[in-house]
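Sharing a structure below in structure tokens format, with a few things to ask.
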Amino acid sequence: MATIRVTIWNEFLHEKEIPSVTELYRDGIHEHLKRVLQREGFAIRTAYLEQDEEHGLSDDVLRETDVLLWWGHAAHHKVSDAVAERVVLRVQEGMGFIPLHSAHMCKPFTRLMGTPCALQWRDAGERARLWCVSPTHPIAKDVPLQFTLENEEMYSEVFQIPKPDDIVFITWFQGGNVFRGGVTFTRGMGKIFYFHPGHETWPTYYNENVLKVIQNAIEWAAPAGLRDLNPNAWVEPLETL
Amino acid sequence: MATIRVTIWNEFLHEKEIPSVTELYRDGIHEHLKRVLQREGFAIRTAYLEQDEEHGLSDDVLRETDVLLWWGHAAHHKVSDAVAERVVLRVQEGMGFIPLHSAHMCKPFTRLMGTPCALQWRDAGERARLWCVSPTHPIAKDVPLQFTLENEEMYSEVFQIPKPDDIVFITWFQGGNVFRGGVTFTRGMGKIFYFHPGHETWPTYYNENVLKVIQNAIEWAAPAGLRDLNPNAWVEPLETL
Amino acid sequence: MATIRVTIWNEFLHEKEIPSVTELYRDGIHEHLKRVLQREGFAIRTAYLEQDEEHGLSDDVLRETDVLLWWGHAAHHKVSDAVAERVVLRVQEGMGFIPLHSAHMCKPFTRLMGTPCALQWRDAGERARLWCVSPTHPIAKDVPLQFTLENEEMYSEVFQIPKPDDIVFITWFQGGNVFRGGVTFTRGMGKIFYFHPGHETWPTYYNENVLKVIQNAIEWAAPAGLRDLNPNAWVEPLETL
Amino acid sequence: MATIRVTIWNEFLHEKEIPSVTELYRDGIHEHLKRVLQREGFAIRTAYLEQDEEHGLSDDVLRETDVLLWWGHAAHHKVSDAVAERVVLRVQEGMGFIPLHSAHMCKPFTRLMGTPCALQWRDAGERARLWCVSPTHPIAKDVPLQFTLENEEMYSEVFQIPKPDDIVFITWFQGGNVFRGGVTFTRGMGKIFYFHPGHETWPTYYNENVLKVIQNAIEWAAPAGLRDLNPNAWVEPLETL
């Protein structure tokens, strides 16, 4: 199988501003994820909001990307509409897309969903327990049917997304909430997995189960058997009319 | 049950330009549908592209609309982005939305879907047979499990939509094609039914089965038990942390 | 609308054997539910395991039943295969079916699902919080988007059911578990809603939200637009071959 | 990846009785499929109805089977209940299951579905066109988005199955019918793909697209990341109660 080409996009603001985040992810969540995920044999590049006018996501970069990870939070509005639209189009053509944590409201994801993707949240560092409810799903492979994050930001229902293709994980939170926190969608030829863990102030991306889920998701979302879907166009009859 | 307030929106261009269409729908598809559907007890108003700058869809009109029908074809691009966005937001709040026929590519629908909604087509007036594959669905109530339109524009797969909540009808076409032609979606509190019949040059909206499906769809899509979904916001814990 | 004819079936063993259950449901869970639900205008009859050889579910009774509620626990194996099969066939023909709580493993439900319907459980009287994740669903109408049961038996994932048509409620449990506890299925013309609350030692069926959900589920599951689906049979071509 | 162990089960009656079938499949559909599929590197064995009292499907054989193909037609009732139940249990544990053509009413499939799986049929050798409506599905990989079988038995809606996980193919028939003819389901850890082509009197299993779909389905249905799902059992709390 060809090497999967991954681009990890990160807003990369909190890491430079909040000491506790700097301590966890000195050169950014993107560089941290790149280090740990490239052990799995992916060809990884990174990009970030202030990299250039296109936020590091030129048309060429996206053309050479099989799966795009996206971490954003405070600056969704600073992502240009043109870049957001470019990502949407690439997903529809077949690029895998994995919005992480607070990327639930990033421009490409809300445009692909057609809903606000709002949720209820609480940053209290409470315990989160992820329960697998689709044990046959490739994204759940070799991941325990239940695992725990001692501290994570709480995200809660009602999560305003369309009905997912599959709910892979439902998360229990200590404070009394539940969340469909690992969910898949298809848009055109593109496969999408939203995964909620990853608040910047907790060492979530050091957790081996979280990393395994992300690795599985990359492999699942990578295009296989890509093809051009039809444009909106006239076609000849197959039978005599 | 309160009377359902329906707004029928129509592009209303072909009726003024193409003699065969004028003959079928002299005062527009919208006025024709209004006449036949108001027998079912709906409170119906109509609106059209060139009615005013907002295409007849002011904020007030949409606030007073429970279910919006939409027929458009040649001038999707002439619908203002502001009005399209207003429709999208109202659907997410709970307004039912029923795009008909060539409205498969209208702005509000493609934005709610997050996909191009492209398809393959052929205007040869061929025979179409609609097969019900969800016989318990309210939209299929009192409609034959199979019915025929002697002449209809052909729409074919691959229809580039997300996976529907339910496929109510699959259409067989004489020329060898099939089409998921009656499909439901939910976006926020809003229920959506796309239904393919209704090419302007054929008397499709005189067919009693087509009209029954549209009537059922209006009743199904009308908001019931509307409520405000949460904004994206902080919430208190329910349990002691 | 015609009055909905409901049959409430109950195993009716614990109520005669366990003092705390007797105190809550002296004449049985079935008679209690009958009293509270008939205020909603349903025509209700009851039946129970030891009523007669057919457990009160003769062919005539089932023919006159629009929606069947089923509460069972310790004696699933005492339900005759013939009666279980009769229920399955009636559901496929269009009778609504609402297995409650420990009926998750009753014969008719597991046969309709094709899976064991096993789950993990713990009877510790812990707190349960039900979260609505399908706010447009008729079963959720006028029910809070989150409500609490102070004491309920815990049921946990992995719940071995097929993928539900809709997940209406996901339940959070104090002890760290989650459960897809309010889920819908369709089998033939029959609509099914499994709902987890209702352990016999807690006053769950006095909770107004639980009762409202059951009332909604009855109205949703009642047959509407019933029709005979085709037998497996030869058919004439619709087109010339 | 470990070699996938496939068992092809065949009723193997028509091949011995009907000359036109003998001509196509002299030593049985099972042996024919074995010959062509083993080129793909699968480890294949075959079994058939009259092989022995267990129809060649001993517990040992099923334990050593990753994916079971099943072709049956006239003698579904001759398959013992014990063997049918054994297959059902193995599927729930994770064995892939691919019922072909008239196996739509075989005992294991109907038990896994919980529905009659009835359909309408016509054996007129008419043209069938298979349309892919899930172009990202692994079963559709490298298969044309539309392909044709010049002669096939017609199978038509309403196909009495539960809502599939995915509809991969919808088939158009010359005589005016449509059919959800390539559909997936999950039951426990087991993945199921029903595929309609394969009437014994036509050379369907010589068609390269049909064979490619079956090959893909085997690879998709093969267990990956198998695990024991929980029995119905008591569990300790994860949190202090």
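As written, the chains take the letters A, B, C and D, and residue 1 is the first residue of each chain.
Keep this in mind: contacts are C-beta pairs under 8 Å (C-beta built on N, C-alpha and C of every residue); 3 or more make two chains touch, one makes a residue touch a chain.
No experiment lies behind these values; they were computed from the predicted model shown.
Peer 1: Where each step is a move between two chains that touch, what is the least number of such steps from chain A to chain D?
Peer 2: So the least number of steps between the two chains is 1.
Peer 1: Does the chain B and chain D pair touch with the same residues on each side or with different residues, judged by whether over half of the numbers are shared?
Peer 2: same
Peer 1: How many angstrom lie between the centres of chain C and chain D, each centre taken as the mean Cα position?
Peer 2: Centres of chain C and chain D (C-alpha means) sit 32 Å apart.
Peer 1: So the centre of each chain is just the mean of its C-alpha atoms; given that, what is the distance between chain A and chain C in Å?
Peer 2: Going by mean C-alpha positions, chain A sits 37 Å from chain C.
Peer 1: Going by the contact rule already set, what residues in chain C reach two or more other chains?
Peer 2: Within chain C, residues 129, 135, 145-146, 156, 158, 163, 174, 176-177, 186, 229-230, 238-239 contact more than one other chain.
Peer 1: Which residues of chain A touch chain B in their complex?
Peer 2: Counting only chain A, the residues touching chain B are 88, 92, 105, 111-116, 118-124, 126, 154, 156, 158, 160, 162-163, 165, 174-177, 185-188, 229-239, 241.
Peer 1: Write out the stretch or stretches of chain B touching chain C in their complex.
Peer 2: Touch list, chain B to chain C: 94, 127, 129, 135-136, 138, 140-142, 145-146, 148, 174, 186, 189-191, 224-225, 227, 229-230, 238-239.
Peer 1: Quick one: in the complex, what on chain B touches chain D?
Peer 2: For this pair, the touching residues of chain B are 129, 131-133, 135, 145-146, 156-159, 163, 166-167, 170-173, 176-178, 180.
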